[in-house]
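One chain, chain A, appears in both complexes that follow, with chain B as partner in the first and chain C in the second.
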Partner chain A sequence: MSVHASAERVARPRVVGGHLERTLWTLVPFGAALLAGALVLLLSGRDPLVTYALLVEQAFGGHIAIGNTLAQTTPVLFTGLATALAFRAGVFNVGVEGSLYLGAFAAAWVGFTFVGAPGPLLLLGAFGTAGLAGAAWSFLPGLLRARWRVDEVVTTLMLNFVAINLTSYLVNGPFLAVGTANSMSPLVDPAARLGSLIPPSQVSIGFVLALGMALGFGVVFGFTALGYELRVSGTSPRFAAASGISIFRVIVVAMLISGLIAGIAGAVQVLGVNGRFIDRFSPGYGFTGIAAALLGRNTALGCVLAALFFGALSNGSAMMQLFTDIPLDLVNVLSGTVMIFAVLDVARLRPRRLREAG
Partner chain B sequence: MEVLHNTLVATALVSTPLLLAAMGGLINRQGGIVNIGLEANMLAGALAAVLVTWQTGNPFLGVLAAALAGTVIALPFSLVITRLGANEIIAGLGLNVLVAGLIGYLLPVALGVYGTFRPAGLQRLPRIDIPFVHDIPWIGPILSGKDPVTYLAWLLVPLIAAFLYRTTPGLRLRAAGSDLEAARAAGISAHRWRDLSTVLAGALAGIGGAQLSIGIVGLFGVGMIAGRGFIALAAFYFGAARPWPTAAAALLFGFFDAAQVRLQGQGIPVQLVQLLPYLVVVVTLTVVAITRARREGGVAVA
Partner chain C sequence: MTADIAITSRSVPAAAHLRLEGITKRFGSVVANEGVDLKVAAGTIHAVVGENGAGKTTLMRIVYGLERPDAGSVEVNGARVEMRSPQVAIAHGIGMVQQHVQLISGLTALENLVLGREPSRLGAFNAAAARRQAGELADRLHTRIDWYAPVERLSVGHRQRLEIMRLLYRDAGLLIFDEPTTVLTPGEVDDLFAVLRSLAADGRTILFISHKLREVLAIAERVTVMRRGRVVATVESRGTDAGQLARLMIGEAPEPVRATGEGATVARRPPRDEAALALEGCAVDGPGGRRLLDGIDLAVRAGEIVGVAGIEGNGQRELIDIVLGMRRPRPGRVTLGGRDVTHSGVRARRRLGISYIPEDRNVEGADLAGSISTTAICLRYDRPPLSRAGILSLGSVRAFTRGLIERFGIVAAGPDAPMRSLSGGNAQRLVVGREIDASSRCVLAAHPTRGVDVKGIAFIHEQLLRLRGEGTGILLISEELAELFRLADRIVVLYEGQIVGEFARDAVDIDHLSRLMTGVETGGAAA
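After this line comes the complex of A and B, so read on.
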């Protein structure tokens, strides 16, 4: 099917030319996004350069601004890594958003249920349950894909909406906080909250966890047998199967770890930022994560840089919206453009002369 | 009985955006592309319909504008997939984000409103009573008294079925969708047929958006599509991209949509009704795949 033929290209972006040229091509989606943003800004009568400069200043000017940028970077880094891991293994998981919701709810549930438990135990329990919940949520589409070839693109996409509505039900029904009109769970025990990294900004030590996760990602893919199996299965499933790698196991394991990372992302958002589960809290972190994974070419360092880009964009625009009338939606114009341009077949974009020579 | 009747009366009306988008998605799927960007086409259509109807006072021009808006978005989207080899799933998700961003950005800049645009005196699509049918007790109001776009949408179901299965262009479109190389060998310019199917999907989804904005609610809101593009996707997956089963799914999901509004305060959680279409698709795909594996004997491993 056409979906799976193209899934391979997501796992293994087409590479062309030498090292320098490849690096330059990596920047194409980034440049296209800035250009699209500039066009929209021009259309609305604003100077793009001035606006971008203002954006950078709002995102990085001073330690509070930097802290808030890192706070926005954190969830995208997690969801980017979760997506990249699945893509690297050739599994087209677009259901990170769903696992994120399940993980967030699980962490909140532990946090407001076992009030008074010792802090470290509570944190461990919350993170463990969140990771399990996220992994369990992505296990089903993984199993369906591995055992019966049920298209994981469709199942993971659909399960996102199931997860969003399911957690919405939980937090509006059985777990609605007493005395609140809004749809949110009770607050978690203060002992389960993650400390601030750069007070008084919003960034928690969850950012360090995200960086650690990126490091772990790099180590797994660079140095371990598991990483090798995932990578080989993603780039050439036939070769992998021929050399004795169980594709069944690769798909299930990739989905489990991807869901686990997404679940932890949800926990960090609850324990580090909101302090409770809030109905529909994610502005699409799972989908921005896809953009980050693609922009970062499914590598650890790439994801860190891409997440930082989206984090800065999101925080910078939010601040800018406060005192100019430039709508926050500018962020979506840029990230939508990134997604589209990141999946172009770069070989077809090259001038014909180069294509024939290369 | 009263609640059921009210729900059924509303069902045909609220099914229409789903039906149109799903029929578009079905054509696109038969043409070889899984369209995740229907949501974007619908949103653009909904806005175009409100703007043009507001300016001209004619809701039918609004519907035309919506079809055009869907087309204008669908063509470059299709070209990016067919000519530049972009992954259709990611490009579709990206299109949704991009179009929502563009509209969200330009709405306050151009019209000075945030989120919702509700021009005073906005014409709506008229409601048409079908003679005789309208007077049948109980059933009359369920079938009659809808807007013209709704009737048009249902008329399209047999027309699309006939087009796909009984005409040469329909055959070419399906050939281009099922096997690119074979279609090429048969002298069919496959990419062009694929692009045509995407454009048709864009136009139909755009009209679906128009029916929602100027047929049902009478305003434009940036969040008004609210996942209907994905429910349409669920409908044509549920219907295995065949016209009548897809239409039936759109009607069923429309019924859920109509029911959840009326079940509020009746003890049935709205959210659990809202997740049904998505769950139904996952279950359907699973059942189909397991049945296929059983029939083929043995278990397919990856």
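After this line comes the complex of A and C, so read on.
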């Protein structure tokens, strides 16, 4: 009994430290990125505080600015979660961009093909098809990795280009909208459009869906058997295997869910923002999602913060360029620095994990 | 000239090429080498033998500058040298062929050979000169090699040969081989030995690390035996035999625990006839067609502990894999409590009541990145009461973990504390507790007490004996002969993937056992 009591005394602070530490660690890369960005600004002869204040004002000053920031946040939050889920399970899926394109096209196809169908059915059909398309796209690399240990980084990365060009062909050929400019599908049925969240800004209720997805992500990893399997397979694959968890199944399932989320991201872009599929519509949401997942340390909350960060940066900088003399390049440097910190974070984690294993 | 050297080295150990004095190296609380003295005469083949963990590899890494000793000195050709790095070792003519050959894939054999010291003419790579020198080296070793093939296309034997040529290219006079034969087929081993002999005849010194005594006696002139970090003897191979070496290497026989030992205090039913676990004709092939496990017939009856003795790397890992279901034997059959589970996965076998105490709890037994609960629930998370319809009940998870903590006296802050906050002994208690908490028909225990303190060892032994008393069949894989003698009812010996002998608890002949373990004697010799 006395042994037990003394152990509590010794170990309890560590547990508290653990939770606090984890929350803090989630914030560190953001702060570090801002500091590094400040240095870059200083070197280029600008006052970082003034620049940041301007950026914040452009991104968050007023409900329209906030709305537009959230509009930029939405796809990155989806792709960030899609990436984080795979990463958590130990699968390095960098093919979210490809699934996003497939999902976007699938949603658009349902939207412009079944014109006149009841609205809820149309929405459900569009989202369902998009999710399936995204999942199907990531199934093959998942299977290859699980069954034959084919490096998923290579396959998923390459399939991105296939997806982008495949949808480009579809929308320039068989599904080119009649009488409109090149490289677009017809508009979807208005009944399939997602409503605006903060009119007249660009943000749709897709943002709410993204937040719901983040919540679901947290629930899956915190409270479900599936989440347990994914998590343990990611951190200790041999422990998982020896416990009877099928790593094969985990890899395939993680890739499917990751692709599904990415497909839904595409649907939200089509139904919430563009109203149609546009050739090469994504400025690399799938890749920004990788940075968001890394920066957010593969947690739901981390992904929300990171997506907001990138969303604000993207929206704020676009506005800033319109109204000030600060060139967009400088902001690109800033987001580049953030990316570096996102990656550096991984480098910091890796040796620690190796040390634990050894 | 060579005759002179040969004569003097026969009479008195003449000019020592390498001399180690009082080498001591600790890793934390583990002593890898303690006061090691070693003298290697020039132009000889000198072997260092010992079980895994005896300190051979650490010693060689010190000689090659990969580790710094805590105390002691290294002399090369009579002059003291601080082996700060492999570069220093190389500069003093020392080369090392590691167990897993260190070549750069993507480059050709020729490029690998000259890498770092390319012949050049007018500042440009002189391919012709490189090819000529490579040809001379190959001739000297009576080897043919495709110099323009990428190294990954060469066979393991050829890659090793290339590594040797790399050392010769850098003019190494002392060549260290760390277990060079483990990756080779028997034919390749003969070729390697021919090469080693010609190198020695050439006046080079060979230091050969192994635990295979037959090989050592075949190739080495002098043999140093290490055990638990110390040198126990250095003998001329002509004046010894494998039996003596095996005894030196394994040590004296520990006293088996008899009726008066701790085993007797635990209620004990005699083993029943039904087999808890049976392997029939199981084989596993490794890469390159090497048989890692061959013709394994093994039955563990309910209420019986069967010990598997053997030096690590003789098929233990593969044995674990086919019993647990991580790998399928080909051919072979595995039954658990009479049911054929040959084609069942790990989970199905776990459900049928197989428990696994892994050799490395940090890798296979626990998730160090998670909480104590994460590690505790891995066999039950998917069933009530811990989860229903895929939803975990966090309350039940905590209660379950708390139950294990209390029942097995684990010192822990609580179920949510990080797994890595547990000490080694407590972590092992948790893993063992989790595994035997389920009613198990069969326990697979691999080195269950490795790295565990005395108290922890007693706990684990007690649990295994209790389970045996309750009718569980236990397969105990261990390198610790003392552990096997204390616990096992029968001991089988695994050598190069085969069961080469079997002993009843009361009829263990330690000499015979150690000869079987070290491959001095093979097959058919059951006591």
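We adopt the following convention: the second predicted complex is superposed on the first by the 292 of 358 C-alpha atoms of A that agree within 3 Å, B and C clash if a C-alpha of one lies under 4 Å from a C-alpha of the other, contacts with A are read in each partner's own complex, and residues count from 1 in each chain.
Criterion: a residue touches a chain if its C-beta (ideal position, glycine included) is under 8 Å from a C-beta of that chain, and two chains touch if they have at least 3 such contacts.
As the structure is a computational prediction, the values presented were derived from the model and not from experiment.
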item	value
If touched residues of chain A are counted for chain B and for chain C, the larger one	B
Chain B versus chain C as contact partner of A:R193, first or second or both or neither	neither
Chain B versus chain C as contact partner of A:F223, first or second or both or neither	second
Contacts of A:R88 with chain B and chain C, given as first, second, both or neither	neither
Chain B versus chain C as contact partner of A:V154, first or second or both or neither	first
First, second, both or neither for A:I290, with chain B first and chain C second	first
Contacts of A:R231 with chain B and chain C, given as first, second, both or neither	second
First (chain B), second (chain C), both or neither touched by A:A242	second
Partner chain in contact with A:R276 - chain B first, chain C second, else both or neither	neither
Touching partner for A:V333 - first (chain B), second (chain C), both, neither	first
Footprint overlap on chain A, where chain B in one structure and chain C in the other make contact	3, 7, 10
Residues on chain C engaged by chain A in the complex (per definition of touch)	324, 326, 345-351, 356, 358, 362-370, 374-375, 377-379, 381-382, 387, 390-392, 394, 411-414, 416-418, 420-421
Interfacial residue positions of chain B with respect to chain A in the complex	32-34, 36, 80, 83-91, 93-110, 114, 227, 230, 233-234, 237, 269, 271-272, 274-275, 278-279, 281-282, 285-286, 289-290, 292-293, 299-302
Chain A - residues contacting chain C, complex	3-4, 7-8, 10-12, 14-15, 18, 223-228, 231-232, 235-236, 238-246, 353, 356-357
Chain A to chain B touching residues, read off their complex	2-3, 6-7, 9-10, 36, 40, 43-44, 92, 94, 141, 144-151, 153-155, 157-159, 161-162, 165-166, 168-169, 172-173, 237, 247-248, 250-251, 284, 287, 290-291, 294, 325, 327-340, 342-345, 347-349
